[in-house]
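By written order: A, B, C, D, E and F. Residues from 1 in each chain.
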Amino acid sequence: MKILLLNPNTSAAMTERMAEAAAAALAPDVRVTPLTAMRGLPYIASRAEAQLAGAAVLETLAEHQAGHDAAVIAAFGDPGLVAARELFDLPVVGMAEAAMLTACMLGQRFSIVTFSRKLLPWYEDAVHQAGLHARCAGLLAAEGEFRSVTEVQHELESEIVALAARAAENGADAVILAGAPLTGLAARVGAAVPVPLVDPLAAALGQAQALVRMGARAPASGRFARPGPKPATGLSPALAAWIEHREGEPG
Amino acid sequence: MKILLLNPNTSAAMTERMAEAAAAALAPDVRVTPLTAMRGLPYIASRAEAQLAGAAVLETLAEHQAGHDAAVIAAFGDPGLVAARELFDLPVVGMAEAAMLTACMLGQRFSIVTFSRKLLPWYEDAVHQAGLHARCAGLLAAEGEFRSVTEVQHELESEIVALAARAAENGADAVILAGAPLTGLAARVGAAVPVPLVDPLAAALGQAQALVRMGARAPASGRFARPGPKPATGLSPALAAWIEHREGEPG
Amino acid sequence: MKILLLNPNTSAAMTERMAEAAAAALAPDVRVTPLTAMRGLPYIASRAEAQLAGAAVLETLAEHQAGHDAAVIAAFGDPGLVAARELFDLPVVGMAEAAMLTACMLGQRFSIVTFSRKLLPWYEDAVHQAGLHARCAGLLAAEGEFRSVTEVQHELESEIVALAARAAENGADAVILAGAPLTGLAARVGAAVPVPLVDPLAAALGQAQALVRMGARAPASGRFARPGPKPATGLSPALAAWIEHREGEPG
Amino acid sequence: MKILLLNPNTSAAMTERMAEAAAAALAPDVRVTPLTAMRGLPYIASRAEAQLAGAAVLETLAEHQAGHDAAVIAAFGDPGLVAARELFDLPVVGMAEAAMLTACMLGQRFSIVTFSRKLLPWYEDAVHQAGLHARCAGLLAAEGEFRSVTEVQHELESEIVALAARAAENGADAVILAGAPLTGLAARVGAAVPVPLVDPLAAALGQAQALVRMGARAPASGRFARPGPKPATGLSPALAAWIEHREGEPG
Amino acid sequence: MKILLLNPNTSAAMTERMAEAAAAALAPDVRVTPLTAMRGLPYIASRAEAQLAGAAVLETLAEHQAGHDAAVIAAFGDPGLVAARELFDLPVVGMAEAAMLTACMLGQRFSIVTFSRKLLPWYEDAVHQAGLHARCAGLLAAEGEFRSVTEVQHELESEIVALAARAAENGADAVILAGAPLTGLAARVGAAVPVPLVDPLAAALGQAQALVRMGARAPASGRFARPGPKPATGLSPALAAWIEHREGEPG
Amino acid sequence: MKILLLNPNTSAAMTERMAEAAAAALAPDVRVTPLTAMRGLPYIASRAEAQLAGAAVLETLAEHQAGHDAAVIAAFGDPGLVAARELFDLPVVGMAEAAMLTACMLGQRFSIVTFSRKLLPWYEDAVHQAGLHARCAGLLAAEGEFRSVTEVQHELESEIVALAARAAENGADAVILAGAPLTGLAARVGAAVPVPLVDPLAAALGQAQALVRMGARAPASGRFARPGPKPATGLSPALAAWIEHREGEPG
């Protein structure tokens, strides 16, 4: 099984970190292809940035999805998730949605803990898009300063652990440690929090594997069937070709 | 008062049509600036296309919003609406949201009637994004073939009127005639439908005027405050400058 | 365009104040007719009082609506709104509903700030009647004493501003300053609050103008069509005549 | 125990019918005082009429509630229910709310069947006001003509029974026969419908008895505590006295 | 009228206490038959225990329901309520559901106060099962230690009263004193709390009487009709006989 | 990884069938232990039966869970799921919940198709318990007669396929083929339905693997922490020992 692991941020260091962390969540017969967005922001922290990242996700998938069994959009907030599901035929999994659905099997309510207040509006929107607000006991963000988004999970580790514990006290049955920069933190600090932690990357890879092993086919009709061909202006070549149904043609 | 009327489709003919129709919905002291998206599809009909159009909306606003009091995103489905509200300081109005909020003052439940089944998933998403699904009595689409999206409101007029009447019979207190290509139809056929019709362009212009006259300020904090500066890669010059907070600088 | 501005309280001073404040929210071609309820309470502060005021609204409209393009019920809480929409043919706008719908275009969640705890149950009911509780981040009331309802916006200005700022901190993207006695306060103190303020009277006038310019017709069938004639006992002459469909007849 | 049975319609014949039907639903130690509204319409069929009837309910209760243990507002739609609960200290029960709450113990979903389409908007509003729309499987109305509202339960009996059976087939676990003119029908035709029928008058009397036997006290604070004294203009003498807290004083 | 009062806990002392307290809530012509579960836990405090208690409820009803007009499941949390309604023909009332439905007639929102934090998850589930979460202003539990579940209502009386008062301050219009061990406390301390208190046992008995006096029949079809006969393995003799439709046969 | 596959029905033939079908959904390093309930009904088809089966699930888990990494409750409807999660420390997955959560990644709305109308009330309850009713486009059941529950997926194959196709036409983006007896049918008929099919057993096994690979720990506090020890009466020895926290002790 081959899973495309698409980082919608432009930071290659983050992609590398996630590719390393992925190993623990894969069955012996699964491989991932890590990819970094070519356009956009080093890390997404707003709905405007997510709008742009979603377009970059479609461009990247159009170019690289061939030969994969599933794709994971590796940014909490799931930029371009619905659009990608509609446009392409392989299963597409978002880290936020996968983390929340997984958390639903660990209890009645989950909380989301992240490393910066700036991310909260975007993450709140992700909760609503998933239709799971009634299951969400709240979103909490660290207040601490940090120097590097790559190191933030170490810099703010104790504050994040304290927030997760507080979330548990306030009624969360499980806590999602949200944001690609926190990948791997759940495994490291799980013992320090009294309720189960959800690692969104591990959850997304678990869900991608589940979908592939179940053998779900792409829809031939309905809300998520691939749209018919249409002329495109000013888009990347691979995406324009895909939208115009010329993806098999010579360039 | 100056309102930017932004067509996120690449069809200039549609923009022109809307600019003409706008006149009837404007107070004597209001002018509109019509604009057409430079990138994307001739008309948007899917969530994938809306994802791309939303990015184009941000590019266009970054380049042209200066000097306007408000902007209208003139495609039912409101591509880029939340992102634009977050990124820019002027009030931004979407045709779908404005039509639905307006319809809420005409009754308890509205229905949405449009000219093609392909549009339904996108429009349904717009209803949910506005949080108004409990007020929506259903979405109906014409089944008839049409030759030109510019002429579809004439080609399918009788079927659309029949659908609006059926919606009324099934419990809609008001009917939205949705999709930019239907602009102006409500005024023409209102007498043939027993409940009030909502023209989304007229509604959006009405809401934009209401917001400007009320004098609402842009937020300095919270979910819709402008994000801080951030380095951007591969975006249009005006949008990159705006995101990097260099919009006042010489190019 | 002529808009009937109906104060359902019996306080003529308040009506005068609102008529003055209205000017700023009107396009050059719009005029308002201010009216004060002849029966009821000097200011409404409970659901029981709103029940009675709603009946007075119907009496007043029956007597004065002729010759107007729209009516505004100028008490936050919207006494008699649904009944008036059903009974009469012109568009009827409520200050609470209009303020909330307008706030929905300024962000995801609004808060409502008012000058007395006594008003909260009635205002909460208005939020639920509008079906917008999921968009409401909370209702806050000043605790301070005040001598005059006419002067309360000055007496408690600093507390109300502080509450609005607190609402913003707690997640409101926009704040409605609710209650007819606060009319005009939003314009005066907007700069002191980090999120946009909504003035319910300005919002209601904006919505009334939007409805009239869009040209929505009265329904000929359905939930809001005018009920057929029925004999009435013990009602005011104009209202009895309207209900009995004798409104055109000589007295 | 003494229960005030208040008919908000002006039809004394209907009051008499309900007073007779009440007997079967009362414990041996309970008596009812039947009353008819002095103002309003012979039978309420719209939200406008309910707005006026609600005011009449308050007038009537102010004059007659003394010496009773509970009051029943005997019109499906519950005009003035919330206002009456707020204003007076005895438990007040509405026929619609009581019927729906009772139905909730007979299954997951109830349907409402009535004798005229004109009543549906008002009854739908009652379902929403009770917050029980998720439990409502639908509202159905007879299409047949009838000569007399007093005899309609006989004139349309077979159509109403057929509608109730259809509601059961479509997923209703219980069926409410709604509208004061249908009082007593449930007992007569229960055997002909495969799911339990709810008689709103019997339900309301059952709930009133349950509240009285449980001994619930009137609130001294909060949303339903009696409002403080306030000057009133143009109201009935008893109601004005009650609102001004002069109810114990000599006239 | 004969009502079966079934304690799903194995504590006979609690059953006795409830049988005594029942008297005040019964009309002169009503008698109760108290019963104690033969299997399970001395008092239920978790969903797992409720799952087991629900099975015990079915066993007990199968053996004892004959000759009764209604049954009350006398544990807040309502173990086996839906199953019992489906399986048996007499009306079955749960203490939690009955308390909440009754509270809905005393105000807009109720709170639930109980004597131990351990009970909260189970009670929260009961609120959701009743579909009344939107009406629930919160659940509060005493923190104090207590020696005996039989005496807890005396041991923690002052803390419970304080919690009920706090619930009222925080917006509850009525407060349910939840948990069989608190039976009778509401009547004793009602004067000390500014909003009405609901005693779940009194509420359940009130609702059972209301259902019986209304004369609702058992369903012959639909979601709550008795399932057809089916072979059973390893169940109690009476329950197996009932499930196999051999209940009338000699043992 | 070892997964306990627990059939809550007493039919060993069904367990065997599911054990065979499981293979296709397992990674190379995963094994299942199939188990059949010792008490209850040959197949569960009502909420009463599910109440009893849930108790049997707890008994079986208490006896057999040791040494497993996760457990799957292999009946659509998930008897005992919440109770098992609370009582035991390993992840527990229900077929209905897992199928619905999986379907949420394949589209906006799913439908559930099953082989008998009798199952619908129980399955509807499962949808509500999962909090996913807003994502459910409806439940459909075959009307055809069948001789054997073991063979029903062959006997009614064409009707079930037709229902799935109809569900797709009516707006389902994915269709769940529900009920243990349909295990394996999705893989066989997927090509005949235009939207993806979900096999609940495959989904449950996928979710169990995802939870185990993510390494979620059991909660030490909160709603799903194991309850403290408590004396038990009349329960199976292993369950009593577990509830009394004597599970490590010699029998």
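Heads up, the rule we're going with is that contacts are C-beta pairs under 8 Å (C-beta built on N, C-alpha and C of every residue); 3 or more make two chains touch, one makes a residue touch a chain.
Treat the numbers as computed from the prediction; the structure is a model and nothing was measured.
The chain with its CA mean position farthest from that of subunit E is B. The pairing of subunit C with subunit D is characterised as same-residue: of all residue numbers used at this interface, over half are used by both copies. Averaged Cα coordinates give subunit D a centre that lies 45 Å from the centre of subunit F.
Subunit D and subunit E have Cα centroids separated by 27 Å.
Residues of subunit E in contact with two or more other chains: 108, 121, 124, 223-224. Considering their complex, residues 24-30, 85, 91, 93, 97-98, 101-102, 104-109, 130-132, 134-135, 168-169, 171-174, 187, 190-191, 194-199, 202-203, 205-207, 209-211, 213-225 of subunit A touch subunit F. The residues of subunit E lying in touch with subunit F in their complex are 10, 38-42, 45-52, 54-55, 58, 80, 82-84, 86-87, 118, 120-121, 124-125, 223-224, 227, 230-235, 243.
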